[in-house]
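For reference, the structures are reproduced in the following blocks.
In the two complexes that follow, chain A is the common piece, with chain B as its partner first and chain C second.
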Partner chain A sequence: MAETYNQDNQKIVQDWGTSARRWRTLAAYLRRNPSLIVGTVLLFILAMIAIGGQFFIDYSDAQPLSNRPSRPPSEQYPLGTDKFGRNLLAILVYGTYLTGKVGLIAGALGVIIGAILGFLAGFYRGWVDTVISLVTDVLLTIPPLLVLVVIATNISGKLDTNQMAIIISLLAWRQPTRQIRAQVLIMREAGYVKTARLGGTSRMGIVFKELMPNLIPYLMASFVLTVATAMLASVGLEALGLGPQNEPTLGMTIYWVMLEGAFSTGLWWWWATPLIALIILFVGLYLVSVGLDELANPRTRRRGI
Partner chain B sequence: MKSGRPKRGLAVNDLRVEFYTDDGIVKAVDGVDFTVDPGIRMGIVGESGSGKTTTALALMGMIEPPGKVVGGHAKLDELELLDLTEEQYRQHRLATVSYIPQGAMNSLNPVARIGTQILDGMTDHGHNLRGNEARDRVADLLTQVDLSPDVARMFPHELSGGMKQRACIAIAIALQPKLLIADEPTSALDVITQRRVMETLRKVQEEIGSSLILIGHDMGLMAQFVDEMMVMNNGRVVEQGKVRDIFARPSHSYTKLLIDSVPSLKRSERAQTGLNGNHAKAASEVPLLEFDAVGKTYSKGRTRIEALKPLTLRLDGDIPRVIAIVGQSGSGKTTMGSLALGFETASQGMVHFDGVDIGKMTNGASSKFRREVQAVFQDPYASYNPFYKVDHVLTVPLSKFKIARSRSEALGHMIQACESVGLDPAQTIHRYAHQMSGGQRQRLMVGRAIMLKPRLLVADEPVSMVDASLRSTILNNLAAMKAELGTSVLYITHDLATAYEIADFVLVLHKGQVVEAGRPETVIDDPQHPYTRLLVDSIPWPDPNRNWGTGGSIDEELKEVAAADLSAPTIIREQVAGFHLG
Partner chain C sequence: MRILRRVLLMVFIIWIAASINFLMPRLSDRNPVEEVIAASMGESGGTMEGFEEAVADFERRFGMDQPVWKQYLNSIYDALTFDLGMSISYFPDRVSTLVLQAAPWTLGIMLTTTLLAFVIGTPLGALTVWDRAPRWINVIVPIVMILAAIPFYLIGLILIYVFASRLNWLPTGKGYSSGMIPEWSWDFAGNVMTHALLPGLSILLASVGIWALSMRGMMVTVQGEDYMVFAKAKGLSGKRRFWRYGVRNAVAPQITALVLTLANVVTGAVLVERVFAYPGLGNLLYQAILVNDYYLIFGCVYMLVLTVGISLMFLDLVYPLIDPRIRADANG
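Moving on to the complex of A and B:
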């Protein structure tokens, strides 16, 4: 165990609790958790393309009939154009942005609702717990795509990405509720809750200062997972053609690819672009979630990787 | 049964085991020599990290990388254990050398019946018994370890801890091995169960005539159980010989430390200090803690469990007292502590602190109550929030109770708290709990209690999870709190011996009821209630001449306890000033 702080004990006592020390500890920790870093970098690159790209490329380039159709990658169109004359570079930029937006909104809504419900159920127990757990468990048995297909078919066509996100978040809170409830159930009985009460910590103090910090890694891991699930659901719905018809999300692009037979007509750049973007997106989310798992359990921290 | 075996026993010569870690080579076992003759019980004593378990694992051929046996010999009769290949070893384990593990609850397969698990090992070694033959053999083995033959059809979760440990013994002796190795077989059991298991183990070992190695850190248990022993420290043997000789004349300072760390009949001066009432304030009218017919009942479905029967007591607090509450798990002793801490509300009666009902406290009274009543719990790991470094448990009360007004003032208090329990502040306050040993964590919790100078401390089994040599340090700290800070202590324990050492008054709790109470010397030297007698008889005294259970077998005593009238009033031997029971 290389414990860097053992070398200069005196300094450590003076250094106690300062923010400089916290940053050093954080940096030392990140070096031992490469999947968190690699995942974050992948997602950061995609985010740069999706957000930074918007300053250079006009949204109209991602609309049909804006360019010459079916052009292979060239100097003018680095990623080529599709059969409708949309610039695939513009689709990469705006599609990633839109898909990311759907996932983030749905994921955030899901985790916020799930955390509140899970916390209520786990901390207060009793009938609150019974009702929340029952509803969650019943809903968990229903395949989400089924419900989403039913809802989306009824309002598709006039759908935009924001409504899409809200539809997906309707079912995205179930897993976080279960996870957070289970964690709160374990933590509320922990010895340190007793220690905190003996130290004069109030009920609210115990919730926010003792339990919440320990839940943050779970909340983050849960958030990442929910975002991934939400994106997967949105891409799935869109690939079935049930997404926003007028917006160039990655999933809708896949739908047009399949509809227009890009595979058989040799327009490989048409399907390769959204596919690679999706792969990077999900691998990045996976790595971040694995890294957060490691962070969530402090006892695994000292083992390093 | 011994006939036909060469009477050689086990001879270990210059055994060396090394572990290759990032920090270099750790010599876990560094040249150990010993012999165990057939039929002899040998004890290996030492603290965690002394190499005692590694020695046993080496004999079992179970050293895993990064560890490696790098030298030495271990001959069992004519068999050189260290030269065996893995496959040869597999055949000798259980048949020749058998191991009784530490946590029986984790060693048994939860989804297989006990009978099946006993037969498994035998089948694997070519004893393929079927039908009646198998059933009879299993029944024999279970009878041998004092279990009913019906246990064969049960699953581990249907057995108590002591029964599971005895089932493990049955598995270990099924093939009549020449050497039994028992690694702290009773560390998770209370004293009464411990005595039963050890008596069973002694009986079967004598019946099959094997050698036995008992690994442990409890000198009392060694004195009661083994014939010879060796004391290990840092991978080396520091002392070995006949157990009587070692206890009569310990030559190495480490052995003396281990013997002294066990509470003995010599009542130390700890309990006497502060008795003279140096801190006696003017006798106040309001008692510090008062239980007014306090009872606690838990309902589980339709069954109601009476954890604590109505109990009335008064602790004045003007003369600091250590009140020991002694009982087995399930006796209601922890419930009593939780009631005093206000973590549980009484089902009947009222708990008063400083004259105020703790169930109906105003904010001001509540914060005073929290400030003045502190606790040390059994599990020193769980007491720390893993999110924070250990300084969190010190800084929170310092700021909430407005003891320190600045960071530097808080740091001063924290350094003092560490030093009061002999911890180096520079090595402590910036760490996470998982970076410290169990003993360090528990000492810091005691240091926290000292720092807060409470009027009442609830100490719930504070030493049951720490190494023997630290026990007396922690008990000394508690005694010092009483003497120097005038703190009264509710000392909750299953161990009468430590109660004997530091308590002014003992309550013996059995099934939610105080069966006997009095000064520890009265209660322990001449117990009146059968349950107290059983508890006292089960103490493993660190004295080979003082036998475990002076009269009769433990089964008779257990019957007597079962027959005792539970509705009988508490046997109150005497009262002490400052504490009143009933």
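Moving on to the complex of A and C:
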């Protein structure tokens, strides 16, 4: 054990040194970009509640008639119960989980479709670009929720959250397409791409070695925004009563709060729980997207948040 | 050219909307006509007066007596002439009547709040990156920007709780008090105003930040320009540099931002109206969803989409007045 000065050990020490420096740089960067930290922490707390909470609270508690109705917060029901006997703690756990799930599925699908379309439009230009840009521009002027309303009203029977995620992703690709296209247009004229082209790199080589790695920060920022938009749409649909009827989503809780007039009946804990969860969710996503934006475009140095 | 392009886009939007309206019910496994007949038979326990007319109207739309291409052309013609069919839930009112009744409420509140948000948010955003800005700007604006991340109707719920339910200062909803008769009088106007205050405030609070955020980005770019340095070297006052050199040049892209945001603002307003039971298109849409009145649902959606489209056309008309660079392009 005394011979720790062999080459292997030195290598490990060296590696540790560089990664420590890397962590320090990261920490220094995060200090300059507080919105990224605060946003991540907020989302992390919600994720912990949504995933960790499932080990302690039973899904059946989020169903109607599972508990005594209209109980204020107490030891037995930390967040109270609603008029239908749903335990609001269970709604917080499973509702946040379902909203997160819909947002992540729809956001991922939206970014994948958007990245492909935006890339094709920006890279190949010509009629491909004309068609994709025209369709995107037209669809961007249509309020997304309204189209979703028309689609959702035409689907009979019980919608589940996965189906809803797919419906939402039908429109979620518009913004990423636009963003990625703009970025590819800038990048294809950038010095390093031109150099690579002059150097004889193949077309595919330029795509995968030059463009893709540099697109990653934009894709990340675009993903967070798309997830936020998708969640906004899903909660909106649910609040209008068009979401899944049998799953305890946060939006559906808002729908029942409005329908049953929880304000006049004084059941403040009924609306406070989903409201606070949604506000933390959207503020967290916003802060992360601002933080990622600053990571992707360091030139537009942001002040304040 | 810009305007021609926008008119073409508008035609395209109407075509898409009409096509969706044609396709969706046919792809769906739901039959609104049968559902309605079953429902109203159940309600009235027999036949309903004037019901044949409604059935005939539905049959005309769904009628299999005509070839599909003709049905399709008919539906596009109907969309263009704003013939949106009968409402099921407000029978025998036509959808177009209901939609046109509700539209002024939505337009009124949307126009006012969007304009106000623009006028307040734009200078706020510009000031965040202006070195001579007062200190409070960098406290207020981040809060305003965070508010912009929260959906309008959630802010509306909080406002209802605080100002209507707890403090009892303002009404919880509706367009005017139920005892009032709509007329042109100061009394009624004041009543409408107090009812519009909370819904308007929730849209305003949530959208000021949108403008502040995009203006900040633009102002950062503008500040690096040579003419800003030149203006400073000339010894122009800070106020003049801010408004005439900075904001003037940075504000034009804000119009483009408005084009992109409008659709989202409309979406948000729909739910705010639902929260406040405000008698506009959003609430009408919600009522229609509750009873699955398909034609009314489509009518509201169509009207809102048209509203956005027409506003964008209008923006294209005023855009050259705001940005001289566009004017030069158009002439040259």
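To be clear about the criterion, the second predicted complex is superposed on the first by the 262 of 305 C-alpha atoms of A that agree within 3 Å, B and C clash if a C-alpha of one lies under 4 Å from a C-alpha of the other, contacts with A are read in each partner's own complex, and residues count from 1 in each chain.
One rule holds for everything that comes next: a contact is a pair of C-beta atoms (placed from the backbone, for glycine too) under 8 Å apart; a residue touches a chain by one contact, two chains touch by 3 or more.
Because the structure is predicted, anything quoted here is derived from the model rather than measured.
Peer 1: In the overlay, answer first, second, both or neither for which of chain B and chain C A:G52 touches.
Peer 2: neither
Peer 1: Just checking: does A:L285 make contact with chain B only, chain C only, both, or neither of them? Give me first, second, both or neither.
Peer 2: Touch status of A:L285: second partner only.
Peer 1: Which partner reaches more residues of chain A, chain B or chain C?
Peer 2: Comparing touch counts on chain A for chain B and chain C gives C.
Peer 1: Thinking of the overlay built on chain A, is A:P34 touched by chain B (first), by chain C (second), by both, or by neither?
Peer 2: neither
Peer 1: Could you look at A:T141 and tell me whether it touches chain B, chain C, both or neither (first, second, both, neither)?
Peer 2: Once the two structures are laid over each other on A, A:T141 reaches chain C alone.
Peer 1: Is A:L232 touching the first partner chain B, the second partner chain C, both, or neither of them?
Peer 2: In the superposition, A:L232 contacts chain C only.
Peer 1: Check whether A:P72 is in contact with chain B, with chain C, with both or with neither, and answer first, second, both or neither.
Peer 2: neither
Peer 1: Using the superposition on chain A as set up above, list the residues of chain A that contact both chain B and chain C.
Peer 2: Residues 302 of chain A touch both chain B and chain C.
Peer 1: Which residues of chain A touch chain B in the complex?
Peer 2: Per the touch definition, chain A meets chain B at residues 1-3, 5-6, 9-10, 12-13, 15-17, 21, 190-192, 194-201, 210, 213-214, 298-299, 302.
Peer 1: Which stretch or stretches of chain B touch chain A in the complex?
Peer 2: Residue list for chain B touching chain A: 22-23, 341, 343, 367, 370-371, 373-375, 377, 379, 381-388, 391, 393, 396-397, 400-401, 407, 411, 415, 424-427, 429-430, 432, 434-435, 445.
Peer 1: Along chain C, where are the residues that touch chain A in the complex?
Peer 2: 9, 12-13, 16, 20-21, 24-25, 27-30, 128-129, 138, 141-142, 145-146, 148-151, 153-154, 157-158, 160-161, 164-165, 172, 216-217, 220-221, 259-260, 262-264, 266-267, 270-271, 274-275, 285-286, 289-290, 292, 294, 297-298, 300-301, 304-305, 308-309, 312
Peer 1: Which residues of chain A touch chain C in their complex?
Peer 2: These residues of chain A touch chain C: 134, 137-138, 140-147, 149-151, 153-156, 228, 232, 235-236, 239-242, 254, 257-258, 263-264, 268, 271, 275, 278-279, 282-283, 285-287, 300-305.
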